[in-house]
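Order of writing sets the chain letters: A, B, C, D, E and F. Residues in each chain are counted from 1.
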Amino acid sequence: EDVARPVGVCTMMRLPYQESAEGLNAAFIGVPLDTGTSNRPGARQGHCRIFGPRHIRAESAMIRRYNATTRAAPYNSLVVADIGDVNVNLYDLKKSCQRIREAYQKIMGAGCVPLTLGGDHTITYPILQAAAEKHGPVGLIHVDAHTDTGEQALGEKIYHGTPFRRCVDEGLLDCKRVVQIGIRGSCYNCWLKSLVPLMSEVRQQMGDKPVYLSFDIDGIDPSFAPGTGTPEIGGLTTHQALEIIRGCRGLNLVGCDLVEVAPVYDLSGNTALTAANLLFEMLCVLPGVQAC
Amino acid sequence: EDVARPVGVCTMMRLPYQESAEGLNAAFIGVPLDTGTSNRPGARQGHCRIFGPRHIRAESAMIRRYNATTRAAPYNSLVVADIGDVNVNLYDLKKSCQRIREAYQKIMGAGCVPLTLGGDHTITYPILQAAAEKHGPVGLIHVDAHTDTGEQALGEKIYHGTPFRRCVDEGLLDCKRVVQIGIRGSCYNCWLKSLVPLMSEVRQQMGDKPVYLSFDIDGIDPSFAPGTGTPEIGGLTTHQALEIIRGCRGLNLVGCDLVEVAPVYDLSGNTALTAANLLFEMLCVLPGVQAC
Amino acid sequence: EDVARPVGVCTMMRLPYQESAEGLNAAFIGVPLDTGTSNRPGARQGHCRIFGPRHIRAESAMIRRYNATTRAAPYNSLVVADIGDVNVNLYDLKKSCQRIREAYQKIMGAGCVPLTLGGDHTITYPILQAAAEKHGPVGLIHVDAHTDTGEQALGEKIYHGTPFRRCVDEGLLDCKRVVQIGIRGSCYNCWLKSLVPLMSEVRQQMGDKPVYLSFDIDGIDPSFAPGTGTPEIGGLTTHQALEIIRGCRGLNLVGCDLVEVAPVYDLSGNTALTAANLLFEMLCVLPGVQAC
Amino acid sequence: EDVARPVGVCTMMRLPYQESAEGLNAAFIGVPLDTGTSNRPGARQGHCRIFGPRHIRAESAMIRRYNATTRAAPYNSLVVADIGDVNVNLYDLKKSCQRIREAYQKIMGAGCVPLTLGGDHTITYPILQAAAEKHGPVGLIHVDAHTDTGEQALGEKIYHGTPFRRCVDEGLLDCKRVVQIGIRGSCYNCWLKSLVPLMSEVRQQMGDKPVYLSFDIDGIDPSFAPGTGTPEIGGLTTHQALEIIRGCRGLNLVGCDLVEVAPVYDLSGNTALTAANLLFEMLCVLPGVQAC
Amino acid sequence: EDVARPVGVCTMMRLPYQESAEGLNAAFIGVPLDTGTSNRPGARQGHCRIFGPRHIRAESAMIRRYNATTRAAPYNSLVVADIGDVNVNLYDLKKSCQRIREAYQKIMGAGCVPLTLGGDHTITYPILQAAAEKHGPVGLIHVDAHTDTGEQALGEKIYHGTPFRRCVDEGLLDCKRVVQIGIRGSCYNCWLKSLVPLMSEVRQQMGDKPVYLSFDIDGIDPSFAPGTGTPEIGGLTTHQALEIIRGCRGLNLVGCDLVEVAPVYDLSGNTALTAANLLFEMLCVLPGVQAC
Amino acid sequence: EDVARPVGVCTMMRLPYQESAEGLNAAFIGVPLDTGTSNRPGARQGHCRIFGPRHIRAESAMIRRYNATTRAAPYNSLVVADIGDVNVNLYDLKKSCQRIREAYQKIMGAGCVPLTLGGDHTITYPILQAAAEKHGPVGLIHVDAHTDTGEQALGEKIYHGTPFRRCVDEGLLDCKRVVQIGIRGSCYNCWLKSLVPLMSEVRQQMGDKPVYLSFDIDGIDPSFAPGTGTPEIGGLTTHQALEIIRGCRGLNLVGCDLVEVAPVYDLSGNTALTAANLLFEMLCVLPGVQAC
């Protein structure tokens, strides 16, 4: 800690920056896209030209190098860097999806596990296209207030309310290994409960095969994560969010994302800070990470 | 969903707007009054000329047409509209109370159940005057951090700290059927508890006779609902708020209000969003609403 | 003035709302679109689900019924209403342009002059398509910090940096009758100068034929109008903006717009207030408006 | 300057605080009232319980002990203190006016010149009642965007749009010695002009008899003073505001006020800072102040 | 309650202000220092020149005179005042520490128990120097997300990450009577638990000897207390914070502080309100306070 | 322009980043220091961990590659990069000054002209130490509202009110070639005037010898640049700021800085945008820059 935290180029967790995923075991990557958002845009931008990924990076300066609770020391086991942002097309959502797919084909082709800073939830669709090309249909752990399985809206089939419908349509998911957690109105009531038992079941369900973890920040209650565009009351606590991610330890994770942080509603920065923490926890449960 | 949410005139839950309550079973109505507020005004206004009711209406664009948890489908059973705002007198609190009373006499006279968007808690006093004229003394379920039964302040008998004292003075309440929930410092400690059992008792107490539900948003903890003028730490969770309102199903509700949302302290809009959700839940437990 | 300003449905200048332009001489209409914005989106949204047109409408509650400076009394001469918003497609910019074109074909077909609340500057392109269909190539008074005549960006030909290039490509403008005011870096230095002489020349140039007035709020200096996405220092004063619009009196104006107000950067609301004032001044110089 | 500016009790310009005006030549006094405001309240409050007078006091910590431009050294010539706030009645505007009148009777009775931190413009009416009781009808220099001479609104005769009508009704003003500066829409166009010549005329008009200076911050353009409830574009610059106040040097000033600062719209604090500067300039031109 | 809350000089809980601690049993005192902060400064300042202690004072206007839950009536038993702020040196952190130490030597020398409004956590180090001079090594109840026992950062031994290391180095603590609560990553998991049993153990551990209570607001979860510079997810609830402080009843408390409130991140003011409540609860458990 | 502006690592004007100044003709460099600030800190930080230099970098994404007004094309003539931030010591202002001096010794030793993003004005003192070591006493063009020539404050000789006194004490300035512009209260009244004639005189005074340009953003009026800690009303316009910097064309500039941008007061980001524009204009007048 010889350098003050505000000093220098702003990368995720002050990691080195490199342009490609070559040589990396895992990489943080941003997708500054919010044109798939239906209500309150802002995953891309915010006050003063601070976009979703950049906002999470700024808050991530506080994250430490090892995990004080789980003892995981990811940088002892893995080569990790921040590889910047996908060059999205701000004016055409469908072309952006194509660019995202191509970017992730390269990352996964290099044997690197992407940890994505969204961006709205639309982006998980092209990411899973790339994942299924590499790994075949993948298992999915989807944390969200919403199912995101709509057929269309305003006549469009691609936006942040439909990614998992599109994934099913294209056979990208191993549908017996899909779980959704945090959906509002569902029977499984999470309030005042530890999710450790649930995650034990989930690990059974997922087995050894490839799993993708997609975490929509609105799965968490808006008291903890106000900075998002489609908040829903009655959500998960951050304790439960930690239980979910830590419960993924041992799975064959091939990618993770944290989406729907909208800086414009995140006035204290604490939603981005929560996102940065959760992304660090995801890194800490990747295959091969040892404890210190 | 063929119209994008930001498009068009802003009414509560994108319902039709009409000027009077004629022909309606239930109506949303705003009372943009904050001159009865003692500390941090703002129920009426906020940044950029957004007043309490208007602020709740803006956030209500996200509410769906049926209740995903309880399966209630209010629009299948009831004719509902947004009937705009009471034309309050901004410069004289007592004259405003008179105007509110007259407005609610007409609404209730038309056989319509008013669902009120406040405004500070002063407004419940003239609403209950109109309710008692129509129904006789009513039962009361009062959710609040405060008892609001003060005698006076600064020499004035009418402000947001006294409405229920005034109601008792005038015999508007059936005092054996009055319950207060969420009062800070009271013996009934709600922390880490389901309120389902309490609401079972409340339904017993209320019986079949007319009941009014008055919900001060400050009954909820400020972590969930920061946008209010007299916040008190140690409050209810939104889960508990949902249990309270859903626990009113089966009662003979003749009116409901949601008061004390102060836009100026609601920077993310999530307090108004919570208010809009709670008003929708109130609609879903009105007499006659069927499940889908 | 028997109704308090915060009371009631929020329309432009508290005018009546109607769904179509039938029977109107002039109409205010919103286009809540910001997906053509390159840098700091926000013309569509802002805090708390307040979109560009809605934000301007909220601030417009302060505008009076006649013009204290010019004595114009537009409502004595013209039938005017707020006809709501164009139903844009949030997920496809090109389809939105098509919808805007069709909406304006109807408005202009009804003989109504549209006064548009943007929205980003992309929208002027489909509006001028409709105008040219009705009137043939039109004269243009374009106030802006930027020329907006780019060929493309990110490979796209339609976004807020290209509308006037597209208009020229399609022959929508009478190019001898086009003037741009406020462009930064141009030779005509406006600082510390009255623009009354310039507007006299402009009126000569425009003659009696149809003219469209497109006013990008970023033409004004960011000290007066901070709430926009592409601010440029060294701009016009609001005094000069008034001189420009008042200098259009006598022209054959067939449409006007005020674009690029971005609520998210308009924290005091004063940019929207300025926009509302300028739209009122536009109404006051429409053909047929008499003084009181 | 041995004490850091943020340290200690917050008084106007870090002056001593005392409870009464006894023994003072001049006093700063707050009137935290905004219930006479028609549109955007906030003169009383703001974020975090910061009221108009308190907000101006906070920013006034930057003001120096002598005037670097005019060389006035008010504290060498006058005994000055901050005497706190008038104890207004938040729930009854008319009773507040009575309390203000009584408070100013005492201050002026003690031979002290009040420099008032508003509060909305309603308060000038009871202040001038007290002034006329002491001095007879007074001359008035009124800086404002609005004439504030309305007859009534919403049926009420007392609110911030009517104070000077009430003053004329009651004969409190010496009507031959009344001037209004900054009114929008008036013939005297101030743009790009020094007001030094105007103030020379004003001094002639006022002569040696008692004069009251009432400065509504909305007289200044919203680019300089965004933090107010009824902003109007096309206003005075702060340079001109300084010329107006400095042009009052030599007049028999018996009182001054600075009203309509609304903290909720003053996000940078610079409107309050401007108000604090103008109040200091008023102090510097009181009768008896010498240069250093 | 004959005076409206926004009226008058702003002291802690509207207590009388006096310059020294002479004659007091307990005193509120501010330390407006944030130069020991490593990440997000702001304990000293905030918008509009509102500093940490001043911010807490402003929100404290809502606190009542007795404790509705515990029935404690501190003002019946103790003489209490607000004694203003320590005159810190903003440009030299080490000299500020010296000034704080001297100020607290005087306060404790006068037999007065200081209740401190921070300021960052650095300040507890010089306060404990003064406490140990008076009382010998003291017991410590330390509520925090962090241990604050670092050796150094950026080559400096004194900043907000090291105070308790410095205290141990200098023998200021009775190390067998030290407890830390709320540290993230520690074994004692507080989630969904009452802390009443823990506090019973703590009282046993502390016995009758002098105890100091240092409460870093970041011990509480950021959903309840977002307004701080080093927030950590997964923290205590305000219910638990109340259990901790109320659990100190009966201890020989010789001083208390509440540190790390950063106004700049406390946009609703609710973190300062929580701080004011906790400081009042501390006052209510001081030795000698009786119930009403 | 094939990459969307929000994409990628955030450097000044999207220039390449490199760690040292080797091989560069000019470099942008940040000094994230605000501990020398007396009143409203914030040059270092802001909401969400955005520090002064980082805030300016974020807004600089809008700056184009050549100067539309002056036709300067700096990148055709000079090799320019962003070399990151000086690693300041947040807890010791004097040690930070030493680190800044050493960093600039290296930059200037490499023959590179530093363009500094502050930081508070304290930093110009160690920068000028390094400049004088390299070039001997330099000429100074100092734009500011304040003279910054104080002797001390709170007993400290180094803070943002004293840098030029310290420079004179140490003989770093060629005192016959020093000019201050924008000082409030000075005789040279700039209002409503072009500064082109003044700059002609300044160029005469400066001659061919080395000149340093230090620009405190508070020299500009707070209506244009609200985001600073010690704003003073009655300042320069941005037009005049452009005249000053463009008037430096032809001088032997050996370094430039732009200081005192305080993100916390810059809510729209427009102060940082102004700063970024002014830094670009400085780059455009460096020796050797050709027009396109």
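Here is the rule we use: a contact is a pair of C-beta atoms (placed from the backbone, for glycine too) under 8 Å apart; a residue touches a chain by one contact, two chains touch by 3 or more.
Every value quoted in this text rests on a predicted model; they were computed, and no experiment measured them.
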**Complete:** Going from chain D to chain F via touching chains takes a minimum number of steps equal to 1
**Asked** Which one of the chains is farthest from chain D, going by Cα centres?
**Response** A
**Request:** Starting from the Cα centroid of chain C, hunt down the chain whose centroid lies farthest away.
**Result:** E
**chain C onto chain E, rotation angle from CA fit, given as a multiple of 5 degrees** = 180
**Request:** Could you put a whole-Å number on the gap between the CA centroids of chain B and chain E?
**Result:** 38
**Request:** Report the inter-chain centroid distance for chain D and chain E in whole angstrom, where each centroid is the mean of the CA atoms.
**Result:** 39
**Request:** Round to the nearest whole Å and give the separation of the Cα centres of chain A and chain D.
**Result:** 55
**Fill in**
Residues in chain B with touches to at least two other chains are numbered 2, 4-6, 38-39, 44-45, 47, 49, 61-62, 89-90, 153-155, 192, 221, 223, 265-269
**Request:** For this structure, give each pair of chains that are touching.
**Result:** A-B, A-C, A-E, A-F, B-C, B-D, B-E, C-D, C-F, D-E, D-F, E-F
**Fill in**
Touching chain E in the complex, chain D uses residues 2-11, 17, 32, 44-45, 47-51, 54-55, 58-59, 61-62, 84-90, 263, 266-269, 272
**Message:** Considering only the defined contacts, which chain A positions touch chain C in the complex?
**Reply:** 34-42, 44-47, 49, 89-93, 95, 153-156, 158-159, 264-265
**Request:** Can you check the complex and tell me which residues of chain C touch chain D?
**Result:** 1-2, 4-6, 61-62, 67-69, 192, 194, 221, 223-224, 237-239, 242, 267-270, 273-274, 277
**Item:** Residue ranges of chain F in contact with chain D within the complex
**Value:** 38-40, 153-155, 184-185, 191-192, 221-223, 226-227, 230-231, 233-234, 265-267
